[in-house]
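Order of writing sets the chain letters: A, B and C. Residues in each chain are counted from 1.
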Amino acid sequence: MKKKNKVAAATNWPLTILLILGCLTVIFPLYMAVVIAFKKPSEMTNDIAGALSLPKSWSFENFAEAMRVTDFWHSLGYSVMITVITVVLAILIHSIAGYAIGRSMAKSKFYKFSYLYIVSGMFVPFAILMMPLVKQTAQMGVDNWFGVILCYLVFYMPMNVMLYSGYLKNIPIALEEAAFVDGATTWTTYWKVIFPIMKPMHATVAVLTALGTWNDVMTPLVIMSGTGTNTLPLAQLTFQTQFGTNYNLAFASYLLALIPILLFYIVCQKQVINGVVNGAVK
Amino acid sequence: MKKKVIAVLLMATVLTGMVATTGCGNSADKDGKTHITLVQYKPEAVKAFEKMEEEFNATHDDIVLQIESPNDAMTVLKTRFIKEDTPDIIGIGGDVNFSSFIDSDMLMDISDFEGISEIKPAYLEIAKNLEYVPEDGVFSMPYVANAAGVLYNKDMFEEHGWEIPTTWSEFTALCDEIQSEGIQPLYFGFKDTWTCLAPWNALAVDLAPADVCQQVNKGETTFSDEYAEISEKMLELLPYGPEDPFAYNYNDACTAFANGESAMYTIGNYAVPQITSVNPDMNIDSFVMPGSDNADENVLNSGIDLQFCVTSDCENKEAAYEVLSYLLADETVQIYLDDQSAVPCKEGNFELPKVLDGMADYIKEGKMADYQDHYYPAEMSVDAQIQTFLINGDVDAFLKKFDTDWTRYNRDIIRKVQEYEEKNGGNE
Amino acid sequence: MKKKLSRNQTFMLITVPVLLLFFCFNTLPLIKGFMYSFTNFKGFGSYEMVGLRNYADLFTDARVGKSYLFTFKFAILATIVTNVIALLLALGLNAKIKAKSALRGVYFVPRILGGLVVGYIFGYIFTYILPAITGGSSMLSSTKTAWIAIVIVAAWQSIAQTTLIYISGLQTVPEDVYEAGAIDGATGWKSFKELTFPLIIPFFSINMVLSMKDFLMVFDQIMALTKGGPAQSTESISYLIYNNGMGGGQFGFQSANAVLFFVVIVAISVFQLNFTGKKEEQL
């Protein structure tokens, strides 16, 4: 992969074309998914030409039916609520934890230990935590959406703390020292200087955390069981029963669920690019 | 100061959330009525159950019935047991989970429920056989069953004048004939390992004793002896299917059969909705898998698809019985049958699904036996072992592994059975 | 009250509550799960203590052994494939190209698609489309190739996330590094090797750990594509832990498996972190 780095260089056309060609690995499966989402079950076939052909009519019936079956707006509401609160809390809590631990771990054994302790938590298979967590959240009275958020804050902490403290390695400590000289506390320095600089990382963390929570089935399934409320992925389990799967409705539903998170990603990507404070990071 | 305030605020958000949500926990309605919760594991039948719930509540002033049909109900049930939020009634299949629930003393003896006498004895026996060690009492009310064997494309059969086989040699002769006319006789979706169990079970009811697993647990026989013929016949089926049966999954096979790519499909009536979703006009009928060359030995493979059990935690046995008798009323059973294609376990003149025409006599006579895999522990993954064996074709290695794995995965049960035998040996 | 908290005190006030939260929802349930590993608990109902039987069984269970082999073979190949492609992709998407946002959006889609969609589409591609093109048989039906098919799909999905992390890492590389480099005549591969890569090493090590972790815990793609088949050749450790522990009645035994697995991965990643950490210091 050649990468020409002339400042303000002209558009790298060969690379652009190469990347567009590479997109086919995504576009082709996506095309299949879209076509299936518009077809009727009776149009399904094992014949390749038939499977890749366009649907007989571009009716949005499947989408409407999928929305009805999953109680779309209601389930979407729960999914959005859980995801948004998780992401906001994750950015606030994980970034400052990453900062405190990342800045101190070179000097202090306690923070080095804390870092390894949290990161190692990432490797605990969820299956072993599941049953005890179900019991624990029930005993604490948080066997509902809020308990799910608490679990997510803990599940994504290892990755996010890693990301934040990794990012901080490239941010010179001199930036903070300048603020100290002016008499600011560590706390205010963090919010005024470091937090804004980490904007690209906030965007990255937001996307990764949002994705994990948005698509997750297991945590809400076991924690919220019996509450009668569904997140979108939970509601989507309806399409798969023991002896049959309605792929057409399911695909329509998955494509609908894909849109909000894709928009969120695109917005966050802009932050990653525009938020670069290259000049400040010297 | 400011930093503390923010830190406190952060933690406070978390804590208030906890407290706020603790408040609205399970505050049961104090309306003086008895509440009965029923969790059933067939989300596809949710419409029928919503109708039942509505009808029950409209006709009962003192009992409030709440029916839940969650997705992935087995996981949901297990988590609710952990939370000690046990439903009063559970609607589950007659499989190894049911056996474990009985074994863990989680289900109530409902032998004094009078509706039990209206259930076909064959299904009560099937439920009884699922107990690891014989227990006193009845632990479930079998509701509907499904049946498996061979589904066939009726139009295709009529067009070519093929006859329904009643013995194994007739069956293989039929397959040869179909093949000679350039049509593929069977379809398999063995990539989904569980579909390997469909022909396996259908052959096993003809060729092995119904209680083979219990016999093995007692140490009276081995699978190497009992399953040898079944294994050989499974291998004989392979040439009649697609070239690479392990490439296709259940859905591929249903689609292929629906589109006329094969004349027959070794699966149960439960596959019909998936098949007809692809080809709504398809004319499907079924016949019992003729595993034996003695037509009289061939029995229908049928098992309990849905049964209701009262949990031992249920505090209102009478109200639960009231719900059971409502569920068992002819009109209620009909609500279910109108929504789902199924075989009712209740005695009576219910109309059977058309696709089971070829099996109707067996059902009427009660000439049937349960799916053998209902006795297999899920973690032993017998389905995957059968797939492995079909790929490599080594009958001896397969059966040897079956026997050793069986004793390993069932050792706690075997120990229990043997203790029971020692205690009750004199009764035999 | 006006006394300012020192830097250390502030850090302490931040770290301790976070550690407590983490302990409460990760370590505490882990300890409880650890206790189950000494029982024959089925996931419900009554159970008995069985001492170390589950652990003894782990080492004699051929299926568990096979699942470790498969999982590691799979994870190593998938980690390499994913990181190489993702790094190239990140460099490409970070370069001066047209339609940058759209391209980044497209390459991210695989990560969002649910398991059902991915399973169906790739199942179809492997079962029908590829054999039609190559004239061979389905990759998923042979024990020799099924795992490679899973590597392809798993990499296809996780490249999105890995690329994203590399891209955000590349943002910390100041433009003037390249300017200085260009003056020294460092372009292309040399510029990457000597200038860019050393600066994104923290992200390289994060991605190595994250992808290694994701792939060692592979479950979704296996459920979607092979469900452990053909011939039980693609049963991953997580697949066994989940299916036999939750779905089956082996909760106690699979808890023991989970504990062992946890110890193994922690050991590997501590090694990995130390290794890349040393690399970082050297540069």
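What we mean here is this: a residue touches a chain if its C-beta (ideal position, glycine included) is under 8 Å from a C-beta of that chain, and two chains touch if they have at least 3 such contacts.
None of these values were measured; they are calculated from a predicted model.
**Q** Between A-C and A-B, flag the pair that has more C-beta pairs in contact.
**A** Ranking A-C and A-B by C-beta contacts puts A-C first.
**Q** Among the chains, which is located farthest from chain C on the basis of C-alpha centroids?
**A** Here the answer is chain B, farthest from chain C.
**Q** Averaging over Cα atoms per chain, report the distance between chain A and chain B in Å.
**A** 38
**Q** Measuring from the mean C-alpha position of chain A to the mean C-alpha position of chain C, what distance in angstrom results?
**A** Centre separation, chain A to chain C: 15 Å.
**Q** Two or more other chains touching the same residue: where does that happen in chain C?
**A** Where chain C meets two or more other chains at a single residue, that happens at 5, 10, 14, 21, 43, 246.
**Q** For chain B, what residues touch not just one other chain but two or more?
**A** 3, 14, 75, 82, 252 - these are the residues of chain B that touch more than one other chain.
**Q** Residues of chain A touching 2+ other chains?
**A** In chain A, 46, 93, 131, 135, 150, 185-187, 240, 245, 247 touch at least two other chains.
**Q** With touch defined as at the start, can you tell me which chain B residues reach chain A in the complex?
**A** Going by the criterion above, the answer is residues 2-3, 6, 10, 13-14, 17-18, 20-22, 25, 42-44, 68, 70-72, 75-76, 79-80, 82-85, 251-252, 254-256, 259, 261, 270-271, 273-274, 277-280.
**Q** Can you tell me which positions in chain A touch chain C when the two form their complex?
**A** 1-7, 9-13, 15-16, 18-20, 22-23, 25-27, 29-30, 32-33, 36, 46, 48, 51, 93, 96-97, 99-101, 103-104, 111, 114, 116-125, 127-133, 135-136, 150-151, 153-155, 157, 159, 162-163, 166-167, 169-171, 185-187, 200-201, 203-204, 207-208, 211, 214-215, 233, 236, 239-240, 245, 247, 250-251, 254, 257-258, 261-262, 265-266, 269-270, 272-273, 275-276, 278-279, 281-282
**Q** For the complex, give me every residue of chain C touching chain B.
**A** It comes out as residues 1-2, 5, 10, 13-14, 17, 21, 40, 42-46, 123, 127, 131, 137-138, 140-141, 143, 226-232, 235, 243-244, 246-250.
**Q** Would you tell me which residues of chain A are touching chain B in their complex?
**A** Interface residues on the chain A side: 41-42, 44-46, 89, 92-93, 131, 134-135, 138, 140-144, 146-147, 149-150, 185-188, 221-222, 225-226, 228, 234-235, 237-238, 240-247.
**Q** Name, in rising order, each residue of chain B that touches chain C in their complex.
**A** Touch residues, chain B against chain C: 1, 3-4, 7, 11, 14, 74-75, 78, 81-82, 96, 100-101, 103-106, 191-193, 244, 246-249, 252, 377-381, 384-385, 387-388, 391-392, 412.
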